[in-house]
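Look at the two complexes coming up: chain A is in both, with chain B in one and chain C in the other.
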Partner chain A sequence: MTDVSTILQAAPARPGPGPQPRRGRLGISPLTPVTYLAALLLVGVTVVPLLFVFVDGFKTNAQINSSATALPHPWDTRNYTQMLTSAAFWQPLENSAVIAAIATVLVVVLGAMAAFALSRYAFPGREGLFLLFAVGLLFPINAAALPLYLMLDKLGLLDNPLGVALPEAAFGLPITIVILRPFMREIPGELEDAAVVDGATRIGFFLRILLPLSRPALVTVAVLAFVQSWNQYLIPLLVFTSQQRFTLPLAVANFQTQYAQNTASILAFTALSMLPALGCFIFAQRHLVGGFTGAVKG
Partner chain B sequence: MAVAGDKDLDIPRAEPGPAPPVPRARRRPRPRLRRRTELVVLLAPALLLFVGFVLLPIVLAAWDGMHKWTGFGSLGPFAGLHNYRLVLSDPVFRQSFVHNVIIVIASILIQLPLGLGMALLLNRRIRGRAFLRTLAFAPFVLPYATTAVMWLLLLQPGGFVDQVMKLVGLGGLVQLWLANLHLVIYTMIVVLTWQFFGFAMILMLAGLQGIPGELREAAALDGASGWQATRRITLPLLGPTIRIWLFLSVVGSLQVFDQVWIMTGGGPANASSTMVTYLVQHGFQSYEFGYGSAVAVIIFLICFIFALLYQRFVLRRDTRGALTRAVG
Partner chain C sequence: MPEITVERLSKSFGQEQALKNISFSVHDKEFLTLLGPSGCGKTTTLMSIAGFQRPDEGLISCGDRTFFDRAAKVYLKAEDRNLGMVFQSYAIWPHLTVFGNVAFPLRIRRMKKDALRRRVLETLDLVEMGDYARRYPHELSGGQQQRVALARALVYAPAVLLLDEPFSNLDAKLRERARTWLKHLQAELGLTTLFVTHDQDEALSLSDRIVVMDEGSVLQIGTPEDIYRRPATRFVAEFLGHCNILPARVATATSSGTTGLVLHGNGKPITLSGGDRAAGDEVQLAVRPEAVELTSDESASGENTYRAELRSVSFLGDHYVYELGIDGLALTVTDTRLFVGPAVTVRIPPSACRVLPS
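Our next item is the complex of A and B:
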């Protein structure tokens, strides 16, 4: 609604070269107490529950029972050292890593191949095929859990890491193709022509030029696929019956039911199981936010 | 099933850019057979995986749902839509559906203003901005199962939350957070808000960064106050981002499972059950695969119908391809 009349009205009223225009340019506003109060509240609500897990992991059960809010006295590292020296932590960690790695590699390799075909070949039915993959975005993996279970049973993939990795990869394909296709499309056709003139086949162009150029988008989809697999709970819950195959989320939840009385150990296990995700996130957060920005801006 | 979202899901066709049909004439002639082989090799693996593990299971489930089928072994006798009718008339399923709807509404009413507000706050240059952003997003990247175990311990009777409330003088308000029939679903909403609000915030922040600073600058020169600029310029331009978030949030809320399953198992007395916990309980745990398949198909249809309607009536207004680009 900022039409000419408002401009005219506002012009004389402007308080000269005061702080106001400068605020507009730099985006800096006065740091009101309210701003900081809100920020502080945000930090508190987010961090305090996490701190509880990490700090109370240093207590004995007796200490936790007498007070959950006090600091540990003395700090007892046994919960953590016991966990770190036991297969109860390392085995599920390894299982999770293997499954997430298989799912990620499958998603990125197959997704990139399909996105290449769908972006740089012209063939009848191309848009329909793309739409088929895109519609997959609307298939919630949790709702499909039981049908998937029955399918895996038919294929003999129950209680098998592939029985988790393959569905996760399949459900990761839609978002991968939807992100990669526009990206690959925008790489100029002149590059392809030049490669052809230099004697490259189309597959050679794909492998040597398009893939390296698509690296930012490939990293984004790889991170997405890895995180989704790493955090998945329901599919492993249905697929695995042997405890030694459990993934980390499954193992933590299972540990909690098995040793319900041993709060200190549960806390230490939970804290440790959060560390890989937290570590990767802090490491990758700059990239992740950047990826979101690019994705939304289009 | 109609693919009504065609135009919206598609990339703008009018785009004059480097679209694939590059002038054929400049190309070395290529044998047709080879091109076809390339296409098959490139597309077949992804298509096979996708059809095998995404499309086929749900199609088969629609069929399985039409049979009486308990336990392993072959399908039982054909029962038509019997299972589907049973599911839809089961008060527990309806209750679960209502819980999902409550979660949808609560996440819109709570996470949207909260995420938007924090994004506007953090989009300004305040000290420690990057740090705050990282912190607020952290809960979202943690496996839901582990945060569920964390909240289970926090909320134990006489546990951390209760003790903190007593410390600050709110001891009188302490409740059985997870055992109170009327309260448990709201406890779940608090847990879900804690986990997902960072996602709303980060998406809004990304959207805000896409809005050129010059617009606000111009508004300020025209004498608009900070609030006016936010209301008249920033928020409307953030529209597409907000609509994308809404979509993702609703689809996510419709399939909530991990937190509820670990913290309450859907109880007490189904007071916190969701459609997916219902699916696991009534389809999987009791080996009623025919019935469970019907439940899965119904959940799927609810999500699908919502998505189509949303595409049709809400997202259509945005630039084409917004969904395809912004998800993720």
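Our next item is the complex of A and C:
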């Protein structure tokens, strides 16, 4: 099946032999160098430190202590192989994955349903309800820490993966609805009328037409929710007491305090713990672009 | 037997009354057109029949099924009305192939896979889109998209086909072809069709009968010839093609099938056949430009024959349009022959005049 996002993007402007925007001989406009410079600066600030984490993981502690910025000489893979063969890495990875999966599924399913109702049903109080969801964006998770802890205690969800996944899903819903609602709203009403005239109920329209058409936006919110959950530190810290339930950020922090002198191993662990979220982002990158810009033309 | 009946339909949006007591019916296998300018209520009527608008008053039924009955508090949901509809924007779903779009109504109806496949391909062949089943909508031209939309509306053999200005997004040439093609298909399949348009040419060429609407009311219902030749009101006369409207006063009351009048523009006498008017009545005469006869013969005389000043001529390919003045009364006339001025002789046949209520 051809990718939906490309179809949606291609739909308004059919490729034709029409005139292309005027560019220089190499297709470079005078502004291009400036754009590149800005991009390079941004990459320097955000990516280079992360790159050091990866690269320094290939050094021994002695190498790091003599020069933190030089390339490893020789490249030493022992830090990574030790990590990859240790339960200290795989157990938290599994914990993180389970929690992120639950949180993501909840966010996408509930978010899509809420956005559907808020975008395509007319009912009194709709805008107020939407505002209520949007206000959730302004509500810092730290402020909720204490009441959340007490609530989870009452519910018996302390030291339980659900005690982490449920609050994460709750905190992920506002941004999900804020992204999905305008997207679903843009889908022309005639597409819905056509489905109804053909015999589809509202739920049928939601499942068979609206959800597939919203795929770029759904992938966007799914990736956001997954990465949010993956990097979440405070909630698992509050909830978990037993080490075998720790998620990756907790395990890395724990490892840091336990082996404070072993910088190289800490860097290797950190690097490995970032990989899944990074992979998720790269996988979804095409859709992310579509999700932020994609409007559906009928 | 599918027959749409609309009775005393009314609908208001806030203060504005969009539909005022609309009544008409679509007979079995008939092609009926709702014609009128934008805002006349034709689309509101169509949407009420489709089930996207809930009227305030009245009754809508299809065969022996009641769609809407205010008095009996019946309202059938749009998805249960089993109608086929082609939207102005076609509204085909961009994420499904041509096959997927046409198969959708059958999937909703849980048709078995083999039967579904056969039926979809049959329908696509019918609209001459069989070779495009695997294509996506954005790979199709406007005319092809429209056929897909039509196939989707026809695939489950709906009781009635509703068309909402389906040709308005096509260019002029394609529109004409699509029109002929649709008329052919409609007649061949014997589809009961309700068509909405503001284009008088479309309405005249496609319809078995036309319902002319304006400002939420039905002005006239009749065959295209009826509506064109015997318009009931000035609005109908002017909306369908060009029409000369000549104010006049009845001089001699109708007797033995003719009425004598005096034109207000220039005080000339004019006779018309038919009519039922008493002397002194103020009326308006509707005269189609092509019904007026022109001759260069200066000596021609007789009833309704006048000398006219030729003010301008324009050439439109298959005919000429003349702007004439009969002693100050402006008259537009068309003729296939070329006349050169400065004056021509004009004859308005008594049968070509139609009396409109003033």
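Please note the rule applied: the second predicted complex is superposed on the first by the 204 of 298 C-alpha atoms of A that agree within 3 Å, B and C clash if a C-alpha of one lies under 4 Å from a C-alpha of the other, contacts with A are read in each partner's own complex, and residues count from 1 in each chain.
To be clear about the criterion, a residue touches a chain if its C-beta (ideal position, glycine included) is under 8 Å from a C-beta of that chain, and two chains touch if they have at least 3 such contacts.
Everything numeric here is computed off the predicted structure, so don't read it as measured data.
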{"item": "Touched partner set for A:V196, first chain B, second chain C, both or neither", "value": "both"}
{"item": "Contacts of A:L213 with chain B and chain C, given as first, second, both or neither", "value": "second"}
{"item": "Chain B versus chain C as contact partner of A:V252, first or second or both or neither", "value": "first"}
{"item": "Chain B versus chain C as contact partner of A:P188, first or second or both or neither", "value": "both"}
{"item": "Which of chain B and chain C A:I99 touches, first, second, both or neither", "value": "neither"}
{"item": "Of chain C and chain B, partner touching more chain A residues", "value": "B"}
{"item": "Which superposed partner A:V108 touches (first chain B, second chain C, both, neither)", "value": "neither"}
{"item": "Partner chain(s) touched by A:A225 [first = chain B, second = chain C, both, neither]", "value": "neither"}
{"item": "Set of chain A residues, in rising order, touched by both chain B and chain C", "value": "2, 7, 10-11, 14, 188, 190, 193, 196, 296-298"}
{"item": "Chain C-touching residues of chain A, taken from the complex the two chains share", "value": "2, 4, 7-8, 10-11, 14, 188, 190-191, 193-201, 204, 208-209, 212-213, 215, 296-298"}
{"item": "Chain C to chain A touching residues, read off their complex", "value": "50-52, 78-85, 87-96, 104-105, 107-109, 136-138, 149, 152-153, 156, 162"}
{"item": "Partner chain A, residues of chain B touching it in the complex", "value": "3, 5-6, 9-11, 17-22, 26-28, 30, 35, 38-39, 41-43, 45-47, 49-50, 52-58, 60-61, 64, 72, 117-118, 121, 123-128, 132-139, 141-154, 159-160, 163-164, 167, 194, 198, 202-203, 205-207, 209-210, 213, 216-217, 219-224, 226, 229, 232, 240-241, 244, 251, 254-255, 257-258, 261-262, 275-276, 279-280, 283-284, 289, 292-293, 295-296, 299-300, 303-304, 307, 319, 321-328"}
